[in-house]
């Protein structure tokens, strides 16, 4: 969006005054950015820089209380990368992230499409349900979910028993695959509302005329959806999908709480819990910082194609 | 007009006076801090009885006129985060903190606390629970002193014992037999436990390892070694496996919280839990008061007939190294370890920090079991980085693996490797 | 035409039924939370699930108010959250305008920076953030905590608002300027009202983030009278004595209410808001 010129005024010979507004105009965007930049620099700038520095130091709890830290250069990184457990975690986390993001997007979009077809009262009910699921405090929802799947007293086992299955005392968390199944259920349940709402809102903007034109042209409902509707909301899908990927790789709380409830910790760790356990769990802040940097690099790599697409779209728009 | 002027003068005078008295704090007494100050004491959870808190405040303020003592109650959840940040701040640091014994080692070795070695003698010396003193010591100096210990003993169903013709076991073997018998005699419900032993419950499991002569980790020279794969430890783990396989119906990957739930549902014959479980069972909202008449307790018996070593909960207290009020803080600590204060704790069911005061716990079954259990109480290894072993949940994973069947020697060796890794 | 209408009705019925299934799945845990908040502790964890929601009493709620801290915590949470949302929206709006209406050096870098910042795991940052606040004596202050929260929320807010602002046609502003408005005037008279829905959408997201945040609130607000609601709620989970589940669920229900109220108030705006600009980009 190029700077628009001011409406033409009568020509005057006050060159200095003319230049001043122009300079002011050029400074305007920076001025507008300033409050945000200051807030970010203040509250995030120093901690982030410190985080980067910490990743090059041997910094434990003792250093927090005054002992001078040791600069170890890339040693933390070398130790991290040579630990085979880390790569197991990377694989697990990436797969988990992709599965979750994929499921969330597919289900979220499906629900959004469905909402278009519902009668209004039902749609409002569904929106209310999504809202409430989104608003519920995470501690409460996680606790309820772990209870539902509790080995001894869970409602799910209770129902399955009544239905004839052999689920008394069945542990849903002891097998890693089953553990991640439950974890996926939780993460997707918590993430769908955001996707559903955003995509639904985008869908209501698709002009009716285009749809009707496609119908006249003989396109069936599924074809209309696939070839007309979805492409027209592509920018939204990209934005939301990107966020789901970024957040999916950082998943922590759900895994951490489930690990307290059961299962084998080592088999169910993801990068998110690993950062936490290396950091606070051990008081090894240098190592935690290194893992955080690593995760950043990984996320950038994972989302690079998306981001490039977005930048390109953005350049075209402007 | 005159009223306002008078008020104004009074206000100004008050301000001037308070400013002056502030300056008075500067008189130095060798760096021990100002003569008067507001001391902040961090106590965790509801365990410390109100009577003790009131006594502390009153006594301190009487002995130190001009100073006040404020108790700020903290939660165990998030405590480590709070301590990590607050203790390192000159302005925000509390003066005295209560820490769990695992955290004692961590923060002691990190240098967060002041050296109390000179005061330990006055505070109780050898009378103090030695395991706790060790947890708060580093390099020959003591930085955190015991505050109180928890209690842990076996709760059992007197009626089920009678039905199976069992007597209170006096040796570990009898105990294991009793557990297996109970399970066999009570096939309904299917998840009945002769001895309730959830998979993650290493805190009970470690008793059997200790009883057999083994340990979790041992310091050799400068390094710590995991010792779960020593023959003694493995023997202890065998007992664990026997109990889990033949006597327990608890979830094989479950945790040990909320034991009163299965107990009140007739799913438990015996369980080894902290003493405050009595309160939970005896409460209509949380438990089943009707069952109290069938509840008996005894300390977990060891192989040799004396009580088995149990992992005691409990806390230490310490003075923050960054606190500007060192002398006053140490006074507060002294008060908290005084006989009077500790007596109040004992009367409320907490094992006092001084072993000589243990008889004050009482005479009933519960008190006797507490005293007996405390005689051979032990703590987790006082290694600087033990907290990271717990953070990585190595022991939980080991015991869950044992509960699910697996080669003991192999599992123990793996756990040892992980522990050694974490501790060094 | 008849078959078309029948098809549409059948589709509608199908969509409605699936919708109700979605509602049940989304709503069930919430129902469970509310139901549990009325039960006594030995009903909550028992082999036979207690289905009836309101059979129990208000004991749990009574316990919540016993120590009298709820109202204080509510006040602090409201102060911090509303301040965070207001400030973040203002700053983000200005930044979004700058980024989508002007061309300047560093524009793309700034956008990328906003995205990258969201990729960094935040779990380790609280120690440095605390140290910073401590150095400025801003611990235990609403101002200090709000500053940290604003920074947490800004990247997402700027990122999202940017899309909304750039979708609004410039012609509207230019028309206004031809009519004699200054550029700034045009913004506030034309663009800003059209953006209200977008601001509401990002405001809601920011509200939830700030309202439910725990770790920073835990370490920054250590005095009893400065607790936020999530920290207050954690006082009912005692790792040593076992958690008072009834109180935790009751507390969670209470904590959810302001968020849901806020939602319901702005819900209509939010739906139309997320669309404007989202489609275009």
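A few remarks follow.
Note that the chains are named A, B and C in the order they appear, and that numbering of residues resets to 1 at the start of each chain.
In the analysis below, a contact is a pair of C-beta atoms (placed from the backbone, for glycine too) under 8 Å apart; a residue touches a chain by one contact, two chains touch by 3 or more.
Treat the numbers as computed from the prediction; the structure is a model and nothing was measured.
Under the contact definition stated at the top, the chains bordering both chain A and chain B are C. Taking B-C and A-C together, the pair of chains sharing more C-beta contacts is A-C.
Centroids built from CA atoms put chain C at 38 Å from chain B.
Spacing of chain A relative to chain C, judged by their CA centroids, is 15 angstrom. Among all residues of chain B, those that touch two or more other chains are 81, 84, 88, 261.
Within chain C, the positions touching two or more other chains are listed as 45-47, 127, 234.
Looking at chain A, one finds that residues 64, 152-153, 280 touch two or more other chains. Listed in rising order, the residues of chain C touching chain A in the complex are 11-12, 15-16, 18-20, 22-27, 29-30, 32-33, 36, 44-49, 87, 90-92, 94-95, 97-104, 107-108, 110-112, 115-121, 123-125, 127-129, 132, 147-148, 150-152, 154-156, 158, 160, 163, 166, 170, 174, 177-178, 183, 205, 208, 212, 230, 233-234, 245, 248-249, 252-253, 255-256, 259-260, 263-264, 267, 270-276, 278-281. Taken in their complex, chain A has these residues touching chain C: 1-4, 6-7, 26, 28-33, 35-37, 39-40, 42-44, 46-48, 50-51, 54, 64, 111, 114-115, 117-119, 122-123, 125-141, 143-145, 147-148, 152-153, 155, 158, 189, 192-194, 197-198, 200-202, 204-206, 221, 232-233, 235-236, 239, 242-243, 246, 249-250, 252, 272, 275-276, 279-280, 285, 288-289, 291-292, 295-296, 299-300, 303, 307, 311, 313-314, 317-318. Put simply, chain B touches chain C in their complex at residues 45-47, 72-73, 75-78, 81-82, 84-86, 88-89, 91-92, 257-258, 260-261, 264-265, 274, 276, 280, 284-288, 313.
Looking at the complex, you find that chain C touches chain B at residues 40-42, 45-47, 59, 126-127, 130-131, 134, 137, 139-140, 214-215, 218-219, 222-224, 231, 234-235, 237-243, 246. Chain B contributes residues 80-81, 84, 87-88, 106-107, 109-112, 190-191, 199-200, 249-255, 261-262, 321, 385, 387-388, 390-394, 396-397, 400-401, 404, 422 to its touches with chain A in the complex.
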